[in-house]
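After this come two complexes, each holding subunit A, first together with subunit B and then together with subunit C.
Presenting the complex of A and B:
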């Protein structure tokens, strides 16, 4: 795809914000939903409508502040489409979650323009705060890691992420595979191209970017196989799973932050479901003769199955765990395996139906013959 | 679907920005006493802040930008009532928060917002009626405020004077609750013992107003603050001593904002005053061998920073003083805060039992506290557990050791 090359020098953030200001100035969008800086230096999803106020936007902040942008867009649009034009800044996993939510009718994309951002990886919120407190800029650490290759302090899900570049957006702000001091704003749709042309950019193609991305993916594939291979060993059998969740306090925060988990009333919060282990004993005619799942484990396994086909591997569940359980290991593993069975990549395109919405005769042969 | 408009004008910009500072890291969930007692997730801090964010987004945030201020589904508000009110406002979430959200202060405002929209627990609706009339949350006639004086055989020795250097602000939970009469009696005896120039406010004392803040009626709380400040300042008192942690925090931290002015008197909790008497040599306490442990009232320790004084006193009176597993700023709530007794007493009792068990684990004979609400909750918790640990207030203990008890 074609795009425009921007000179940034040392001023990456300001260059991006100036670009966003121009989108507002030229009335291409009425508002921008983006990560904006809070008084503690962290970011939170927020609106900017004034072209002179874009300096608070921190597009490249390598952190997901507890709530996925997809969740915010869903809150705004799930009842009715917006009438004003909204540009939304999203990380690659955010976009994929958004696409999944469109399929489940939780997001209406009318009047919404997606501006994706490359994401080489994000830090856990606590780590991000530490970096800030030491007086460093987390995004600089990311650029450095990108040059050296690999970063050990990213969240686990980021270390093995196969989508550092957004796969579905109108515009994409790219830095991976672009020489230092420059940014590539890629148009992915006609709308995107129109934006760039109206702003007077000369459009060109960048082949070397694709090569750089492919290189990262090759490396990550290996890491990913290793990561999930180890996870499979650790989580093998009931014993492994029970001990994995030993420290879980059943606070359900993993469920609350999950961008895919959208039910208005959760089954696990309904009267139908109670945590008393005895219920299982009562329901089970062979009382006590089969190993019983601990109630909290039942919750996680249930949730993992619900999320499996649409999980976008953002790893927010893990970041939200107050007990620091490496949840992505389990949720990611189950999701990867299920998605493989159905050859389904969540967030690839709006048209592709998720396995739970569609029956194909040829699928699951080994189970149904 | 029924929807109602909810105003969020009561939230300041600073509060809203704190609300959005939250990154859902979940650390606040770990120490929540209500969650520990019930295992129910909808009363946790994060579901609270999510619901509050939702309401703010709809009234003056991301959603209202597109559609104008939007009404909130009433089913959400109904579900929100236990979420907001089944909470002891103990501040354990604030203690854990690494992102300066100060959640518990937002819960007060959340209650105010819910109260204005008319969504409060049924029991609190009843409380409000009598509270407005009698100026105490127990809806008891005002002339019963000094009934403890008679019961504690202190007539003539605990009186209302026109002028005094120190005012003893008894507080409703001490004055009206039988189990706490001893606290008031002991305080009066200690003040007499050291020859303090002190007085009660008598019927001029109104509830400190903190319960109104817990219900969510800031205007009523203001009425109480203005009245009490006037009544105290009329006496020309230099110091006000309280035995209740809730009264203490309300007068010390909330009054100046409520009356929009400076207080002309100093507020002391009994433990601070007693510590001073000890330092001045007015009180001498002989050591005993009672096994003691101290329960930090949240509003005194975590939320007001009065932590060392009670420990210094207790270490002085017993060589067998022990800390419980959860102590000081990380103390565990007794369950009695935030009007939980009226909203859901079962939860309160469960929380209290956890705390009593922590004391039992340390082998304590006496579980000492410094707040009448804590004493009540812990007494009830011990009763539920059929535990023989004796729950006393630190003021009662000091009076007892000075040989000043009424019996």
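Presenting the complex of A and C:
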């Protein structure tokens, strides 16, 4: 699709914010939901309605603020559509989660314009703060990594992410495959093109961008295979799983932050899930030891069975874990294998139904009998 | 009890419109099949959340036998086809984690197939006997 090339120079963030200000000024949107900077330098989702206050928006911040933007959109639209026109800024994984939530009737996209942002990778929160403390700008590190090909300090799920560019959005703010000091705002839908035309941009097409993205994907495919190959070895059999979850404190944080885990009342919070307390002492008498919090394996594997067919590989589960368990290894691996059987990519399009919502008359013969 | 003695524990989730009726038919026609299966009658195979199967395995079952109607025969139009997808997801998850997915089976059994029910249960019990105790029972980390 076509788009507009913006000269940014060194002022990448200000250029984007000016663009967002103009969207507000020209009354194309009434509010923008975007990652806004907090006093500690991190970002958190927030609304901006005043075109003069867009300077707190940090669109390119290479960090995922605690909760996924898709979850925020779901919170404000799951009961009824928003009345005002809302521009939402999302990372590629956020958009895929949002599309999945639309399919599960948790998000209503009426009056919502999606503005996607390229994402070459994000840092763990601690690493992000470290970079800030050193006085560097994390986003500059990302640009540097993009140019040199190094990306060693990203989160694991980002290192093996196959979607650095948003799949589904009205507008897309792109920097991958664009020369330094420039940004490409791509119109993906007619609405997006209308926005850009109204703002008076000259629209053009950029072919080399696709080539750059394909290059990144090729590199990451191999990394991904290697990563999941190792995960498969580690998570083999009950012993592997038990020691993987040895430190789990069953706080259910991974479930809380997961954008796909949308149920208001979780099966794993219900009485049906809890064990009777006295059982603990009766179990496992031969081994002589009974570590507590036994329902961990059931919780994690059960949760994987529930959500893995729509897992968008955002890795938020891993980021939210207070015990630093590399949860993406488990959920990512299971999700990849399940999505492979159904040949399903979550977030590819709103029309496509998720595996748990449809079936074919003749299929899955190898799983019968 | 001898130490090596292993009698498999099998949990059966049977659809009340077909497999449970087939189990009844097997009983009334005095067919012999292993008593290892503990049948649980459910309203439809599509009702079974894979987590129940997982829980059965973690709580000591060596195998789980799920039976639903033949495709097209579901009393609730398509519950068995939805169940098929869920079982596939569960089995793939177990396989990914190296947890012997063959301990879960999904079979189509229609109301009149009492003898087939007996045969399938026998076959499954023998298979589980051959596999030995389920590794999922070891839900404890041995410290």
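Keep in mind that, in the parts below, the second predicted complex is superposed on the first by the 347 of 369 C-alpha atoms of A that agree within 3 Å, B and C clash if a C-alpha of one lies under 4 Å from a C-alpha of the other, contacts with A are read in each partner's own complex, and residues count from 1 in each chain.
Operating definition for what follows: a contact is a pair of C-beta atoms (placed from the backbone, for glycine too) under 8 Å apart; a residue touches a chain by one contact, two chains touch by 3 or more.
What you see is a predicted model; the values in this text were computed from it and never measured.
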| item | value |
| --- | --- |
| Combined model on subunit A where subunit B meets subunit C, clash or fit | fit |
| Superposed arrangement, angle subtended at the Cα centre of subunit A by subunit B and subunit C, nearest 10 degrees | 90 |
| Which of subunit B and subunit C A:12 touches, first, second, both or neither | neither |
| Partner chain in contact with A:54 - subunit B first, subunit C second, else both or neither | neither |
| Partner chain(s) touched by A:74 [first = subunit B, second = subunit C, both, neither] | neither |
| First, second, both or neither for A:169, with subunit B first and subunit C second | neither |
| Which superposed partner A:237 touches (first subunit B, second subunit C, both, neither) | second |
| First (subunit B), second (subunit C), both or neither touched by A:108 | neither |
| A:141 touches, of subunit B and subunit C: first, second, both or neither? | neither |
| Least Cα gap, in Å, left between subunit B and subunit C after the two complexes are fitted on chain A | 17 |
| Subunit C-contacting residues of subunit A that also contact subunit B | none |
| Subunit B contact footprint on subunit A (complex, rising order) | 31, 33, 38-40, 42, 44-47, 49, 65-67, 72, 75-76, 80, 82-84, 86, 125-126, 129, 249-253, 256-257, 269, 275, 319-323 |
| Residue numbers on subunit C that touch subunit A, as the complex places them | 49-51, 54-55, 58, 71-72, 78, 81-82, 84-93, 95-99, 105-108, 135-136, 138-143 |
| Subunit A contact footprint on subunit B (complex, rising order) | 17, 20-30, 35, 39, 41-42, 44, 46-47, 50, 54, 57, 62-63, 65-67, 98-100 |
| Subunit C contact footprint on subunit A (complex, rising order) | 232, 235-243, 246, 267, 283-284, 287, 289-291, 294, 297-298, 301-302, 304-306, 308-309, 333-334, 337-338, 341, 355-356, 359-361, 363-364, 367-369 |
